[in-house]
């Protein structure tokens, strides 16, 4: 049994491919736990960042700087009354949030946090991700229909039309990236998520800069389409607060509503990780071919530790700036503790064995975090598109452009 | 301008045939949706019944009156002085303008005139109030269209105006700043500095709002060509204020029939060309700048002197009637007062700009999409307190 | 348990096929009939893929073609359904008894 | 009507510094203009009064000619903007209701009022076909006074709910009066007060 | 990849497939039917995975479950079927249909029993790792013409669906 567990560690592959159930389960738990934590952190960060965009402070009361706000929210949502409209289709109403949640969490099976840090590496990885994430449309449609009310229905119709439309452009943009993976000696590409990153590694270039500006345009299309896919601003028509109150989840409350939110944020992280994998080099550290050599490797491997130490430092500044009043004592201690934990993590990350293992995961998460920040930035900046404009952008701009990019990429691939 | 209404008058009204049974999307293509009275984008308790063909609006019907408080009836049972605070509650985001219109109407009826210093104070406060009203409009309008951030920016800056109000008369929203015959309060120490500081403070902030919106592609797409209304239709429907000006009519009561001290100031009337939501946005933004110009002139030239005309303790206008209107932030705000010689008005009729402007909603949104209804309600800048009175 | 052979898959496919046939023959609702047709196509697909395990990838390629056909069929079928519903306000198969609208 | 005491004082000519303790009571003066002349030549005695009060001009027309005169005012005198339509209630008079149109001409920058008296229960031709703006304004007059407008496309209450009994701005309607029955049925409470 | 618990997963997935098939043809509410069908399709995608056909499984999920079934749900929501739900669900020839199905089932069963030996033991080398590449090569090689015809078919279907569903052309 112990052999079974340890044998994986010596193998150089993902637990799914190694067929090691134990490590697969461990990875599943770690990834899903990590994603749940990330969603909660994202919730807090979005509120804080958005607030600072809007010259507010955001949550400040629950914990130091509102750090415990997501937990308070979770408790509030869990204990809230769960209302099911009397005319609703109970079963479908119950099922819809679960489908969205499952769809957006299942895709993490193939997300490659590192060359071996994925639950499994499917041969059809990217296809699987697109397919499973497209299943969340079902949840949206079901939620809108089951609520038996006008606003959710319109929201669901809008949302499904939107998601289906942008899936097309998104798929074509993805195809042009996949096409780039086939530009090697054998001429065969791959759909595997790990394979795609490895292709970028072997071609010594992020696909973002491949055939400039083709890769860039394809990435841009994907970046727009992924915002639309996840129903976020400025494409948040299905949830357009001012028009449809809350779109397809108008009638949901409490726990079920929180499942929608959980699913939405998880989907955001998921599509961002697709973008990172396809165009921005996945787990690769910046400039792996330019800044080579031992020294640079060391420098880049120290960055995670320094980042956490920096965060710890910021936390301690916050501690120093806390009002010196008995009322704030608990908060001050809490923030200091938080800073200490961050610093400890930073120190642990300096340890050579940890440093080497955690690097890939760190760079992957850092890249995803940039996308997450973009999501927040969009939300603070842009007004909302109108439905016909949204459709026009999807079908008349993104789709032709993505087809053109695909054809040009193919031509370039043949020529060079 | 001045041209005949070529349209069929019936085309200004849509008939919804609400008694038809509600059908599915497909068979009749028609869907009746109730927007409001509890809806985040109807700015209060406006209920709009929308008849939709998919997302396209076939017709609307406004159901109003949820906030009806019978202000005109109350007026008949209050003395002239007692009624003064009530007018603040109509257009509660532009309470100072309301008070100005009422006080001037009663003064006119009594044939007295407020002293020049009072008039200058009135102009300063009213223009500050116009700024506050436009800022509130901008924030909520942008929020309706999905841009969250301007709301907070405008509220931050509106706060400065409210602080001046608070310092001047103790109230922030329903100020009751003016009295019949002038102003009750002399300006506080540092009033002029505060106002001057504010005038220097706001222009960069207006640039900031414009930076977020004016050239924002999505904003332009959402507002350009949306809710168009021609000048002829505006006149026919009695629409006034920025909506009329955005259609290209250079008409502002502050210039056309100057009241208070407006004839002494130099300012422009911004106009638009196409009468769409984007033009109305630009017109209001420019109006904010012009307001600042007026305030600057007023605060620099504010004369010394009494602030209250000689009015009797008990206000008892002679038998007669008067109509006086001012340019409120939303349009022409008129007061028609009939006096029977007693201490109480015999009848007060308020001509609310929002009420009349709201009539144009149907014409402006017909044939547009649901999302445009939101934009148009926002751009009409209605306040339900004033619509329902 | 016995190892799973191709025959096992074929039995499942046959069961699906029969269910689909029953659906097509007995239901009145056009939408459900269309869904039953999807069931039949899926049974075919399952057969093809099961055989492809025996004889190489041709079956899988065919399965992809069948899925393509299913998409086309669903699109046109549902289009007809919508047109029909708009004119007759019903989705019942046995009321489609006139060759005109 | 005690409005004949003192000579008229134009408000603009009055210096504010020297405002008298008791303001001069203004009086009506006859109003002379081409508009008045046109209407007078057209309707003769239909134009009951054409006067200026405090610098504001108004007509009092006979109810029978008013609708036509309004059209003439718009078509030929360029009063293209209907500012307001309202009414007052004078229970003591024979013709209880006074209907008031406030009109404005953009071309001439001039505001006038047209007034006419009608009896209780009488209806009046709607002016929606002249100014579409009259739509809601007339509905409000109907709502508040119970004056029906013939030919109005949508004559129903606007501020008060459908089915409310009584017209609040009539003088015989008390200030705390309400439609008890409506309140009980629709709001489910005993009284709205 | 080493398959794990193949037998269990086969019976589990095929059980779901058949059960959801039964639900599809028996539910009154078309939405429930569609949901059951989606479940069946997903289970079938699992079966494809077990048959070393990951690409078909992926296509099944992305096209069937994510595309076609959303279309179905869309249409069901558009044609408000509440009235249809209260009506008789099965037509008059249900007995005939049942008989036909039983006959068909008997036939298939007979074939399987008789031909049991035909289908047993010839398992080609599973080629999962390069499955997608091989299918791609085949699609653009052996089946080029069929592929083009399929794309033409899809084009015709798009135009046909638009023409059918449009109110006024």
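A, B, C, D and E label the chains in the order they appear, each numbered from 1.
In this text, a contact is a pair of C-beta atoms (placed from the backbone, for glycine too) under 8 Å apart; a residue touches a chain by one contact, two chains touch by 3 or more.
Keep in mind that what you see is a predicted model, and the values were worked out from it rather than measured.
*Asks:* By that same contact rule, can you tell me which chains touch chain A and chain D alike?
*Replies:* Touching chain A and chain D alike, sorted by label: B.
*Asks:* How would the remaining chains group if chain B were removed from the picture, with no chain shifted?
*Replies:* Remove chain B in thought and the touching groups are A, C, E | D.
*Asks:* Determine, using the mean of C-alpha atoms as each chain's centre, which chain is farthest from chain A.
*Replies:* It is D.
*Asks:* Please name the chain that ends up farthest from chain C once chain centres are defined by their CA atoms averaged.
*Replies:* D
*Asks:* If you tally the C-beta contacts, which comes out ahead, A-E or C-E?
*Replies:* C-E
*Asks:* Compute the distance, rounded to whole Å, between the mean C-alpha positions of chain C and chain D.
*Replies:* 73
*Asks:* With centres defined as the mean C-alpha position, give me the chain C-chain E separation in Å.
*Replies:* The computed centroid separation for chain C versus chain E comes out at 6 Å.
*Asks:* Once you find the CA centre of chain A and the CA centre of chain B, what distance in Å lies between them?
*Replies:* 45
*Asks:* When the C-alpha atoms of chain B and chain D are each averaged to a single point, how far apart are the two points in Å?
*Replies:* 23
*Asks:* Check each residue of chain C and list the ones that touch at least two other chains.
*Replies:* Answer for chain C, listing residues that touch two or more other chains: 82, 85-86.
*Asks:* Can you list the chain A residues in contact with two or more other chains?
*Replies:* none
*Asks:* Specify, in ascending order, the residues of chain D that touch 2 or more different other chains.
*Replies:* Chain D, residues with two or more chain partners: not present.
*Asks:* Provide the residue numbers of chain B that touch chain A in the complex, in ascending order.
*Replies:* 31, 33, 39-41, 55, 142-149, 151-153, 156, 212-213, 216, 218-219, 221-222, 369-372, 374
*Asks:* Show me the residue ranges of chain B that touch chain D in the complex, using the header's touch definition.
*Replies:* On the chain B side, the touching residues are 1-2, 4-5, 9-10, 12-13, 15, 64-65, 68, 70, 72-74, 76-77, 108-116, 235-239, 249, 251, 256-257, 309-312, 318-323, 325, 332, 334, 336, 338, 341, 346-347, 349, 351, 355-356, 358-359, 388-389.
*Asks:* Within their complex, state which residues of chain A touch chain E.
*Replies:* So the residues of chain A touching chain E come out as 16-17, 19, 21, 89, 91-92, 95, 120, 122-124, 127-128, 130-132, 134-135, 137-138, 141-142, 144-145, 153, 156-157, 160, 164, 167, 188-191.
*Asks:* Which positions of chain A touch chain B when the two form their complex?
*Replies:* 50, 53-56, 150, 154, 233-234, 236-237, 240-243, 245, 379-389
*Asks:* Residue numbers of chain D touching chain B in their complex, please.
*Replies:* 1-3, 9, 11, 14, 16-17, 19-26, 28, 53-54, 56, 75, 78, 80-84, 86, 88-89, 100, 102, 105-107, 109, 111, 113, 128-129, 131-133, 135-137, 140, 144, 153-154, 157-161, 168-169, 173, 175
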